[in-house]
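I've put the structures underneath this note.
Note that subunit A is present in both complexes that follow, paired respectively with subunit B and with subunit C.
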Partner chain A sequence: MAEIEVRDIRHVYDQGTPDETVAIERINLTLEDGTANALLGPSGCGKTTLLQIISGLLQPTEGQILIDGEDVTDKPPEERDIAQVFQFPVIYDSMDVYGNLAFPLRNGGVSENEIETRVQKIADLLELNDILHSSPSNLGPELNQLVALGRGIIRADTSAILFDEPMTDVEPARKLTIRRRVKEAQQEFGITALYVTHDQHEALTFAEQVAIMKDGNLVQYDTGKNLYQSPVNTFIGHFIGSPGMNLLDCTLTQHNGTPRAQLGPHQVPLASALEPHLDLTWTDCQIGIRPNSVTVQVADPHDESSYLPAVVDQVEMLGGFQIITATLTETSVEVKARVAHDFAIEEGASVWLSFPASDLQFFHEEQAVTA
Partner chain B sequence: MKQRPWLFLLPALLLVSISAFIPLMTVMNYSQLTLLPGTQPYFSGLENFVAILQDPAFQGALGRQFLFSFLVLITEIPLGLGLALCMPKDGPGVGVSLVLLGIPLLIPWNVVGIIWRVFTRSDIGVLPEVFEWVGVTYNVSQFTGDAWWTVLAMDIWHWTPLVVLICYAGLQAIPEEYYMAAKIDRASPWKTFRYVTLPNLRGVLIIAVLLRLMDSFKIYAEPFVLTGGGPGNATTFLSTYTSRMAIGGFQMGRGAATSLIYFFIVILLSFVIYIIMLNLGQGAGEES
Partner chain C sequence: MGIRVENIHKSYGTEQVLTGINIEIPDGTFFSVVAPTGAGKTTLLRIMCGIESADAGTVYYDDEPMTSVAVQDRSVGMVYQEFVNYPSLTVRENLASPLEVSDENYSREEISRRVEETAEMLKIDHILNNLPEEVSGGEAQRTAISRALIKEPDYLFMDEPLANLDYKLREQLRSDFERLFSEQDTTVIYATPQAGDALAMSTHIGYLHDGKIIQDAPRDEIYFRPRHLPVAEYLGEPPMNVVPGTLIEDNSDRYFELPDGARIATGSATGSFPALNAGREYMIGFRPQDMVYLNGAEASEAHGHDTILEADLAFVETVGSTSTLHLEYQGRELYALNAGPVHTATEATLSFSLDPEKLYIYDSGSGELLAAGNKIPSFTTQK
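Let's turn to the complex of A and B:
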C-alpha cells in the first residue's frame, strides 16, 4: 500500500521532430495511501499518458514519480509493484482462469500452496469461484476484465492499481456489478487506486477524489461534492453534472452596496461576501448556476429584484425529472433548469426564473471568484 | 426471381468446373482405366491403385516426401518465426527487410532451380569450389546426402521468407497492451513469448504450417532442374514420381491414380495438422 506522488511531470511525444506533441504540460498530484481516485477528462487530454508514466510503461520527459517518498522514475514497471487494468481485457488465453490469476505469483517464485490460498481469496472476493478452471476465451469481456483485475491485485506487494477505462468493452447493463466488485476489492485490500475514464458518472461513483485533466493540465483535484458545488473554473462547471452548469455572460454592476450581475436589461444579485473580490471594470465575466438550483415559476411572482422573465424553448422529459431550456427575454441568454417530472410546462410558455445567490458561482476570465 | 443468386454464381461455377471439377473428374475416370498409347482403354477397377501402392518406387518416393516435408516444416517454421521476431518493428529498417525478404519469393521455381544448378555444378559452380578449399568433396549428381541437403537448402532459402512475412504480420497485430501486462506481471522474456506471443500467433502459424506443408508436397522444379530426381532416385518425390509415371512412362491410368492418392494424402495430412494445432495449448488444465 502506498502513497503516489506525481511531481512536476511533463511529457512530450516525438520531441525534436515535426510531430512533436505536448501530452502533459506540467502536473503535480499526490494520491494518498489506500484511497480511490479517478482521473477524468475528455478524450485526448493526456489521461492515459499520465497513467502509463505512473506505471512505468512510459518514461516522462521531465519530472519524477515517487512511491512512498521513493523516487521510482527510472524503475521499470515490474519493479514498481503497480498493477494495471487495460481498456480491453488482457488475458493469457492459453491458460485457464486459475492459471491467469496465478501467473504473476508464479513469476515471482511464490510457492504453490501460497498461490492456491491467494487465488482462492481473490476468487471469493471477485466471485470467480465457478469459473476458475474455465478457459477465458469462453467467458465474456466482463468476466475477463475481472480476471485481469484479479491478476493485478493478487500479488501481496501490489501497492497501487491503475485502471485505464476498464469498462469500455463491458455491456452497460453489467457495468454496475463489475464496478461494485472492483470497488469492494479496492476497499478490502486498501489499495491506492487510480481509475481513468471520460465518464464522470463512473469517476464520481468509484472515487473519493477526482482529478480532472484538460489539454495536458490538471484542472482540479477534489471530492465529487466540491467539484459539483465549487468548480474552480467554467470548464469544470460545465464538464461535471448532466446537463452541466449554466454559464451566463454578464457584466458587473452595483445596487445599494451589493454586487449584481447584469444580463442584458436584467440584474441578478450576487452574494455580498463576494463584494471585496470583485472589480466593476471586469469585462469577461460569467455567472454559473446548476440547473437544479434554478427556481422556476409559471405565474408572474411580481418580484423583479429576484425573478427574471423568460420563454421556454424546449422541454425534455428525462424520466424522474424534466430539463427546461428557456431564453431570458430581450436577450439571447439560454438557461437550463431542472424541474420535477410532473411539473406542468409547455414549449413557448412564459416563465420566471430565480437564481438564489447562495448557489451562484461567479467566474472572471473563466476562473472562479470566491469569497 | 428466386433463381437470381444462381445467375450471379454462374460465372464462378463455370470457372471452377472448368479449372477444377472437370479435370478432377477426368482424373478419377482415368484412374480406373488401363490407358496405354496405341491400345484401346479398358476398365480395370482399382487395379491401378493396388499396383501403385505396391510399387517400391512409389513407397520410396512417399517416404522421401514425408521426410522432406517434415524437415521443411521443422526448419522453416522456427527459423521464419525467429527471423520475424528479430525484424525491426518500425523505422526505415522495416522497408529494407521486407524488400530483402521479398526477393526469393519473386523468383519463379524453375529459375530458382537454375540458379542453384549453376551454383552447384561440379565444373563451374561456386559451391563445390568452396567445399574443395575446406577439403570436402561436394557433388550433387553423385552423393545422395549432398543432393538432399542442397534441395532442402534451396527450399529453405526460397520459402522461409514467406513464413517470416506471415509471422511478422501476425506479430504486428498483437496489441501492445499484452506486452505491457506481461511486463507488469513480471513475466520473463521466455514466458512472455510462451504466453503472449505464441498463443496470439496460433492463427497465423496454422496458416504458415499448412501453406508450407502443401507447397512442400508439390516440390518438383528444384530437384528436377538440379539432378532430375537423382542421384538414382534420391531426390524423387511424389510429384516427380507422378509425372514420370504419366508423362515419362505413358501410363495415364497409373498417373491419374497416383494423383488421387497424392491428393488424398495432402488433404488428410493438412486436416490432421490443422486440428492438432487448433487445440494446441488451448484453455483449461494448464501446467505450471
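Let's turn to the complex of A and C:
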C-alpha cells in the first residue's frame, strides 16, 4: 500500500463558459500509508469530484496527485493501481465468486497455486468461504459488495482503495456486519483507504481520520474524537453528531471576573481559561453543547446558578435513546438533549437543563474560540 | 374510524407477497409499516391507497369499503422515494397544480392562500419562485410533500420518502415530520426499512413479516413489548440481543443457564417470570443499552457471579461519546452500547452485568414473547 497526497488541487467545471462552476477551491490532504480515512460532506460539497481526481477518472484544473511521492496526475486510472468499490457492486455474473476474486490476478499472470492461496486468504477474512462457488446473481447486494471489495484488495500491488458510498444498496439490518468486515479487512491488510460518504456514522466508524468538505473546501481533517469535541467552526459542530451540537445565540457578560454567556434572562458560566480570548463587545456569538452533554432534571433542583428552566416541545424516540427538544423559558432558544430510551418525559413538561462548562464550546462569527 | 385493512392477499405469479394482512389505522395517527426491503411494503401501500388491487380482502376508509372507488376519487396524497416535481414549473406552480386541475374549482385567492400556508408549514416559502432544479434535495422532497398535502387529503401515503436524502437532511426532516404531523389531522401511512426513522416519527408501527403484519401497536408499546422475535430483532439500533437459556430450579435457586454455563438469576420461584417452566429452553432477549460493561476491577470481582455475561470483543465503533461494542458469544453476534470510550484490545474477553428485570423471554419454538422483566414498561392494549 502507499501514501496518497492531494497537492493544491483545484477543479473548475466548464471553465471559461457561462456554466463555469468551481467544484474544488483548493485542497491539500495527505493520506498516510495504511490508514483508514473518510471524506464526508453534504451533497454538492465536491467530495465526488475529489474522489474522481484521485482515481484518475477526472483531470484536475490545477494541482497534483502523488502516490508515494510520485506524480501520477497525468496517468490514467489503470496505471495508478488504485482499487475502487462503487455504490452498486460491479461483479461479473458469468463467473462464480472464486472467479471474480481471482480475475485481477489471472489478468496479471499470477500462477494458479498463488491465486488459490490469495483467494483463500480473502475468503477467510471476508467470510466468503461458503459462497466461493456460487453465482453472484444468486447473492444479495451485501455479499456482492464484499466480493467487489475482495477483488479490489486481492492484488499485492494495490496502492489504495477508494470506496464511493458502498453501503447505498445494503439493507439497514445488515450494515453493522458489513461495516465490520470491511473495517477488519482494512486493518488486516494495512490498506490505505478513502471512504466517501454523506453518512457521518459510516465515516466515523470506519476512519481514523475524517476529512470534512463544504462548498469545495476542506474544513477539518481530524480524528472522530476531535471533530466531536473540538469542531473548528459551527458547521462542523452541527454536521457531526446526531443530532448535531446545539448552537445557542448569546451575548457575553461577566460575573465576579468569570465570563458568562447571556441567553435572554439566563446566564451560563464559561470556562475561566477562555476569559483572555473573549471580548465582551462581540456580537454574533454562540455557545455550543452536545445533546448528550446536557443534563436534564425533571424536578426543580433549586440551583439557579447551574440549571436553566425550560419547557419540552418534542420527544423523539431514536431506537437506543430519546432526544428531547426544549425551549428555555422567556426565550425562543431551543435545546436538544439526549436521554435514555426509558427516561419518562412528556411534551409540555417543565425541565431544568445544565450545560457543564467543561463540555461547552464558544463560537464567534462561526469560528471556535479556544483557550 | 380511519383505515381498516381486512385479510388482504396479493401474489405476483407464483410469488405470494401478502398473505392475510389485517391492520387498523386510527384517524390522525402516523402509522409506519416497517420491514426489510422486498417484504411487500410498497405493494401494501399501493393496495391501501388504491393504485393496485388486491387478490382478496378489503380496504375500508371510515368503514366504507373502497374496493370499487378509483384512486382519483379518494382523499389521498402520495409521496415516493424519487421526488416527483414538474421541472418546468416553479415551486409555487408545482404546489398549485393539484388544485388547478381539480374538479373543485378553487378560486385564485383560495389557491394562493393554500400555497402560502403549505409552503410556510414545510419551510419552503423562501423558494416559491425557484425551479425544482435550483433547490436542494431536501427542498425538492419538501416540495413533493407539499404537493401531496395541499388538497388536505384525509390520508397521506409515503413510501420511503427520505431514502435518497443526505444523512443530515434526513435527520432534520425526520424531526420536522414528527412535529408537523403531530399538529395535523392528516393520517399518515409511511413505509420504511429504517427502524430508527419509524421510531422517531410514528405514533404507531406495524411490522411486516412473511406476508403478514405480525404486530401493530403504538410506537412505545411495540418497542418495549415486541411480541415476536423478528420484531424484537429489527426495531432497535443496534437490534436486541438474543441468546438461548434453560430455566433451572435447584432447591431455592432459580436461574437461566446460558450456553457457556453462565447464570442469570431470576430470584425465587415467586420472583421474576413465575409462569415459566423449569427445565425448558427459552430465547432470552436484552437490549444493547441494558448490558452494563464492567471494567477491570469490577470485572474480576464479578467473575463467576450470577447475571454476569462474558463475551469476546470483536470490534469497537465509537461515535461521539457512545461506543458500540461488537461481541462474539457462543457463535452469536451481540451488541452492547456503552456511554463512553472502551479502552481495550479487540479479542479481549469483556464482562457485562445484566439486570434480570430487563430481560425479554421468548418461546424458543414459536418466537412469541412469554414474559418481560418488571423494569420494562408495560402497556394495556385493547387486543
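To be clear about the criterion, the second predicted complex is superposed on the first by the 364 of 371 C-alpha atoms of A that agree within 3 Å, B and C clash if a C-alpha of one lies under 4 Å from a C-alpha of the other, contacts with A are read in each partner's own complex, and residues count from 1 in each chain.
The rule is short, and it goes like this: a contact is a pair of C-beta atoms (placed from the backbone, for glycine too) under 8 Å apart; a residue touches a chain by one contact, two chains touch by 3 or more.
Fair warning: this is a prediction, and the values are worked out from it, not measured in the lab.
S.K.: Is the arrangement of subunit B and subunit C around the shared subunit A a clash or a fit after superposition?
M.R.: Superposition check on subunit A shows subunit B and subunit C fit without a clash.
S.K.: I'd like to know which partner A:265 touches here: subunit B for first, subunit C for second, both or neither.
M.R.: A:265: touches no partner chain.
S.K.: Between subunit B (first) and subunit C (second), which does A:108 come into contact with in this model arrangement: first, second, both, or neither?
M.R.: It touches subunit B, and subunit C stays clear.
S.K.: Tell me which partner A:42 touches in the superposition: subunit B (first), subunit C (second), both or neither.
M.R.: second
S.K.: Check the residue A:177 against both partner chains and state whether it touches subunit B (first), subunit C (second), both, or neither.
M.R.: Once the two structures are laid over each other on A, A:177 reaches subunit C alone.
S.K.: Which partner does A:57 reach: the first (subunit B), the second (subunit C), both, or neither?
M.R.: It touches subunit B, and subunit C stays clear.
S.K.: In the superposed arrangement, which partner chain does A:318 touch: subunit B (first), subunit C (second), both, or neither?
M.R.: Second partner only, subunit C.
S.K.: Give one of first, second, both or neither to describe whether A:82 is in contact with subunit B, with subunit C, with both, or with none.
M.R.: first
S.K.: With the two structures laid over each other on chain A, which partner does A:99 touch: subunit B (first), subunit C (second), both, or neither?
M.R.: In the superposition, A:99 contacts subunit B only.
S.K.: Pick out the closest CA atoms of subunit B and subunit C after fitting on chain A and give their distance in Å.
M.R.: 10
S.K.: For subunit A, what residues appear in both contact lists, the one with subunit B and the one with subunit C?
M.R.: none
S.K.: How about subunit A: which of its residues touch subunit C in the complex?
M.R.: Contact set of subunit A toward subunit C: 42-44, 171-173, 176-177, 179-180, 183-184, 198-201, 204-205, 224-225, 228, 239-244, 290, 292-293, 313-314, 316-321, 323, 325, 340-342.
S.K.: Touching subunit A in the complex: which residues of subunit C?
M.R.: Contacts found on subunit C: 36-37, 136-137, 166-169, 171, 174-175, 178-179, 193-196, 199-201, 219-220, 223-224, 234-239, 287-289, 314-315, 317-322, 324, 326, 333, 335, 337, 339, 375, 377.
S.K.: Any idea which subunit B residues touch subunit A in the complex?
M.R.: It comes out as residues 175, 177-178, 180-181, 183-188, 191, 195-196, 198-199, 281-286, 288.
S.K.: Which residues of subunit A touch subunit B in the complex?
M.R.: Of all residues in subunit A, those touching subunit B are 52, 55, 57, 76-78, 82-84, 86-88, 90, 92-96, 99, 102-104, 106-108, 112, 133-135, 137-138, 148, 151-152.
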